[in-house]
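See below for the structure under consideration.
Order of writing sets the labels: A, B, C and D. Residues in every chain begin at 1.
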Amino acid sequence: MPEPTKSPQGKATSGTSGGFAVPAWARDSLRWDTVVGALLVVLLICSFSMVDNFGNALNLSFLIGNTLPIALIALPMTMLVISGEIDLSVGSTAGLSGAVMGKLWNEGMSIETIIPLCVLLGVVCGLVNGLLVTRLGLPSLAVTIGTLAAYRGIAQIVLGSNSVTDFPQQYLDFGSGRIGGTFIPQAAVPWAVLLVIAVIVLHATPVGRSLFAVGASQEAARFAGIRVKRLKLSMFVATGTVSALTGVFWALHYASARYDNATGLELSVIAGVLLGGIDFDGGKGTLGGAVAGVFLLGALQNVMSLVNVSAQSQILITGVLLVISVLAPRVARQVGRARARRKAADAAPPAAALATG
Amino acid sequence: MTDPEPERTPVLALEGVSKSFGAVRALRDVSLRLYAGEAHALAGENGAGKSTLIKALAGVHRPDSGTVLLDGAPVVFHGPADARDAGVAVIYQEPTLFPDLSIAENIFVGRQPRRSFGRVDHKSVRQATADLFRRLGVDLDPDQPARGLSIADQQLVEIAKALSFDARVLIMDEPTAALTGSEVARLFGVVRALRESGAAVLFISHRLEEVFQLCQRVTTLRDGAWIASEPVEGLTEDDLVRRMVGRDLDELYPKQDAKVGEVALSVRRLTREGVFTDVSFDVRRGEIVGLAGLVGAGRSEVARAVFGVDRWDAGEVEVDGRPLKSGAPSLAMSAGLALVPEDRREQGLVMEMSIERNINLTGFGATSRAGLMNRGAERSRAVDWALRLQVKYARLADVVGTLSGGNQQKVVLAKWLATDPRVLIVDEPTRGIDVGTKAEVHRLLSQLAADGLAVLMISSDLPEILGMADRVLVMHEGRLAADIPRAEATEESVMAAATGRGRNAA
Amino acid sequence: GGTTKKSTDSDSTKSGSGSSAAASANPSAPIKKGLTIAYLPKQVNNPYFTISDNGGKKAVEALGEKYKEVGTSSGTDTAGQVSYVNTLTQQQASAIAVSAQDPGALCTALNQARKNGVKVVTYDSDTNTNCRDAFVSQASAEDLGRTEVQLMAKQIGNKGQIAILSAAQTATNQNTWIDFMKDELKKPEYKDIQLVKVAYGNDDAQASFQQTQGLLQQYPNLKGIISPTTVGIKAAAQYLSGSKYKGKVQLTGLGTPNDMRAYVTNGTVQSFELWDPAKLGALAGYTAVALASGQITGAPGETFTAGDMGSYTIGKDSTVVLGKPTVFDKSNIDQYHF
Amino acid sequence: MTMTAKPASAAPPEAASTSGFLDRVLKVRELAILVVLVLMLLATQLDNHAFLSEQGIKDLLLNATILVLVAVGQATVVITRNVDLSVGSTMGITAFAAGEFLRGGGNPLVGVLIAIALGIGFGVVNGLLVSLGQVPALVVTLGTLYIIRGLDSIWFGSKQITAADLPSGFADFGHNGFGAVPYLALLTAVVLIVAAYYLRSYRSGRDLYALGSSPEAARLAGVPVRKRILTAYIVCGALAGLAGALYLARFGNVDSGTGNGYELTVVSAVVVGGVAFTGGSGSVYGAALGALLLTSINSVLPSIGVSSVWVQAIDGILLLLAIAVDRVVALRVAAVLRKRAAQTRSAIHHA
């Protein structure tokens, strides 16, 4: 949803739409994603020192394990949002892939065949979203609200009321186990790999550059010969695929495949991504910010339960955080602009110098 | 409401106004006085601060220092609404319409005539609009939504809107940039009438002859600083240019003859239903082909289709003998085709991205190695072209949307020239560009042509076409009406074809 | 090839499993003091669970133990419930009394808790048997299923079409109860009653409303509806009481007196049943304390005293049954306030 | 350089015809949904004769009322290129507030007013955050969604309102009416018509479309952008509040979970109703029809005996169909217009 008023000034001072490639962050240190990152660090430090039971390996592995599904989907979701679209059906896609996984497992198919099939399913789910958006030019918000219901419904038809729990132990261990005595869940490793790939793609390849351009102005991108539709379609497919993977991981992590697995996951993902400073107009944001946002929320929830903050208050706090996350950069901007104006008042104009030098 | 002694108190004035955007000092201690019954021109290079000055007058920007005087008394406009209520009507450089509203509503938004109980009187809104259009001799349907209007049509609606205020002060920032002679002539008629009825007019245009046609007094800005305010008579174009540029200007149409090579772009029986029909032409190496026509003739549409952003329904397009696919810009680019589009804000630039990113949008091939972007290559490519076109900017990382209109246009050119294309299609390449840069662009184009580039130049600026083109194609009602060699190309011959009176050649 | 259900069935049963069952019980052991008994209901702020957890609070604190309640604010946030189990493990609670949102999903976490010495009692809705030390059942599923059919049969004179309006399709309790209802209906005396449909209102008022409407439109001569869920029954009652079917179509099932009072008094509903949630919570508390004090291990046959509620014996699948449900109607409803 | 004019004649007739054609088309676009709805209902009636009985119609209307109200409010906001995700939470908390008041034996009318007032309160909060803060509405209202939900459950905890707490008159108001037409439906219809008329025939109403269509242009045109956005959110909040009160009357039961996840339903209704998320287009009638369509589907499926297992899937697929069809129609229309424009242009010339 675009901001109510888009003044050139507003855009002008909101920094360029670049990754950390652009020296933007060096320029205005007040960039929101860096702030979120800092917040996360502060929170972790405080919790380690003050909250008992927080620091021990078991709890950390809980923290990471429970945040992983969100962090997984956040990766492609960030790119999708930067390209100006959104996918609300991720939770349902995960649920569907889990349900199918359970169904096929009950049918006696081998897990090694099931998982690739689930991933394939994710590709299909993504394709459906993507084609509806790019071919028919429908708003992604509307489309994915539709598929949100549709995929969940299909999951219900597939698995009905059963819940499948008897997946092979070694897989369950992968879903919930940790690497040796460390606090790092085994599943965190593939995530880290995906993260690296995503960062490179978004911030250091033509694809990433194009994504930012498309998100900022689809028309101009088209006139620059960027294949907008194909790009968006591929982003939807990526999101679908990762969601399906997440569904598999979810079923293994919680040792239970049900049609209502991962219900409402989309909101958590979006909350985290937003908190990380990804602009829903598209064209702005960094993966670092998104991931920081996701883990900030995750860590907060973990800490709050450890210090016995009631579920109700946790909801409240999440909400307040979200509001702050969008108000704060705004305020920061105002401050920054004020400072800049004061500086400009007494600085000589470099503009002329640089011109016909 | 004519002032007995016009020279005494100005209706609207600026005293010692300064305005900075970040590091950029757009205005430095500028003063300006607008008198009732007088048309005042504002001249200056791109980025000189003209639009900023206007926005200060209109209450869009608050000056950092200095005052705005209304009838000699200091006022503070807290927003465009205040200025409007004070009787100041503004046409901004970039059309600002509501795409979803009907043209009529666009003109009267917030001021609709009302019936009982404050209900909007839709009928008289429509009526009033129709009357305005009759006055301007525009044929547009008041009920048609503004979405999809060509730049020119948008500009006409903006003009109608400004006139509908019958304001005491009428401010126009490059209203004619997109217009052809006929519309300009009619606009000037209306403006003169207003002036005689005692309105004060502030007018900006990079077409200097227009300044001399319309205005009595001219103020010149350079790099945001006030240079001079003087009566127009006794002033020559060269004087004015000297004031603006600060040096003597070389020839405006430096057309050098290049040896014409083999066909580079060949268009055959191209048709897009409802927009243009059966368009066939060739452009050869070293040749600049002008494409003229009335606004709405469909020139831009042909260009869009050839480049591939619009599909075509029938016909073929070949670049160096390689056939292109309908609706595939990326293929067209790799075949060596480049299009500098008509609407820089929507099509030419990603307004919220940096200058650097915009220039490099067309050059991923050149700036990436093994699929990874190369920062160094990106920056040097951007710097190189920004300097070649003398873009006036503070930092390459600046958001392109903050550049002045003309400098934005330069960035678009840079972006496409950087792809070193075989065939270059330019749609209104010098719209809103100051004389100095215009000459630059023209020199650049003919230089490129001389180096064997094939250029198709769409322009509504007839002298430009006549000055630069080896051949002039003329479109009329979506059809190619004539193909006139440079020797025979005159205003008369081109106009005749453009209005459908001409010989049906080619 | 690869890992299939069959190849794993063999070992899947003994996965996790009650490590504590090995330890031996000492019925005469004293009740430890200062234990922390944590209640983890399906959903906090759900009136039903608040009542039962408060019952538990009384019981637990009467024994001089520490009571706490945590939980998710949504009834289908399994992930949330899991992380609460984890948190409680972290906080070294002595015992957890949990009402499971999902029979399987909690197992990993619960067994992890038990390995860390936390006793686990499930109440109201159970997990898989190998993930907890004991299950405190509100009433044997069999009793509930059969008695609801009997109530309905009485109201419609053993004759006519009936339908069931259940909660979510996944609700473990409802499904077992419904199975027993179907079984009860097989009896000869109910040969004239046909169960025409089981509809699911997902414990959502609007959905239950529309499902009820659907039932009535689809089966014009429907005689009665059994709704074994507190949300479903009150939605159905509210709809009936405002429609032309009021009094013509009978409604029974599980509901709380407070919810249903209005409809019983205005004649929409004749009678319905429920156990006393407060007692359920209390019994869960006593069981938890007994487990944590080592009086019982959860093995079938063991007995323990549940404060003023008398003594209970652990049945098969280490299940403790609260007792028979209470039937509420015009005559007695005003004596109950929960 | 003078180019002579393109003849300006024959403009008025062209205008007339085109405009006539245009609004007919626009109307049709809402009609499309209506047609779908009617067909669906009739088909169901054929399958099950009880469906459109007096009781059946009454139920259909009652089921729709609450969603229609909220959708109308939502549409007002969406038209300004914003969105309010907090409507579900607002509805829940206002319903509860009204209930608490009535439980204390308060006057029903006052109870409703309280709900509306509370709704307006939250509308103001959202409106201020979005207009003054100038931050993306999606995020802010997602935030207030959580905040209000949290307040709700902290404030009311596990308390609940049951039918027994409500004055019988209030409950009756919830389901009685003139024959097949419930009072609630009438009330809703009035609200709908007023809202539609305001948006169509008042300057401030038109401003909403303007600033939804182009915020920047609106600012330059001197539209009081912030004030208008605030208005939109207040309307939305007020209607959510009213809906809360009606929910109480209709269902007689409220707890802190009431209205959970309602925002998605509302947004779907608005979308199906053809109100574009890019702002500036669509109408509250469309939104209302969308709401009616959605609720009707959920009544149709059970009453033709579709197992509730299928309901959700069918819901989603129908939603997709609805927007897809709407889109295809729109594209067709655009194509037709382009051809017409071309014809008229050449017609003018050859005349």
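Here is the rule we go by: contacts are C-beta pairs under 8 Å (C-beta built on N, C-alpha and C of every residue); 3 or more make two chains touch, one makes a residue touch a chain.
These numbers were taken from a predicted model, which means no experiment stands behind them.
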item: Number of hops, chain B to chain C, where each hop joins two touching chains; value: 2
item: Touching both chain A and chain B (chains); value: D
item: Farthest chain relative to chain C (centres taken as mean CA coordinates); value: B
item: Chain C and chain D: spacing of chain centres that average the CA atoms, whole Å; value: 39
item: Distance between the centres, which are taken as Cα means, of chain C and chain A, whole angstrom; value: 37
item: Inter-chain centre distance, chain A versus chain D - centres from mean C-alpha coordinates, in Å; value: 30
item: Multi-partner residues of chain C (at least 2 other chains); value: 44-45, 73-74, 169
item: Multi-partner residues of chain D (at least 2 other chains); value: 149, 153, 157, 216, 219, 279, 309
item: Multi-chain contact sites of chain A, meaning residues that touch two or more partners; value: 156, 160, 264, 310-312, 315
item: Interchain contacts, given as pairs of chains that touch; value: A-B, A-C, A-D, B-D, C-D
item: Touch list for chain D against partner chain A, complex; value: 80-83, 129-131, 133-140, 142-151, 153-154, 157, 211, 215-216, 219, 225-226, 229, 261, 264, 267-268, 271, 276-279, 309-317, 319-320, 323-324, 327-328, 331
item: Complex contact set, residues of chain C against chain D; value: 43-47, 49-50, 73-75, 169, 197, 199-202, 205-207, 209-211, 213-218, 220, 234-235, 237-238, 241-245, 258-259, 261-263, 265
item: Chain B to chain A touching residues, read off their complex; value: 20-25, 28, 47, 64, 223-224, 307, 309, 329-330, 332-333, 339, 341, 346-354, 357, 360-362, 364, 368, 371-373, 375, 387, 390, 392-394, 397-399, 401-402, 415
item: Complex contact set, residues of chain A against chain C; value: 53, 56, 58-59, 62, 66, 69, 105-106, 108-113, 156, 160-161, 163-172, 176, 250, 254-256, 258-264, 301-302, 305-306, 308, 310-312, 315
item: Contacting residues of chain A [partner chain B, same complex]; value: 8-9, 11-14, 16-18, 21-24, 27, 200, 204-206, 208-210, 212-213, 216-217, 219-227, 283-284, 337, 340-341, 343-345, 347, 349-352, 354-357
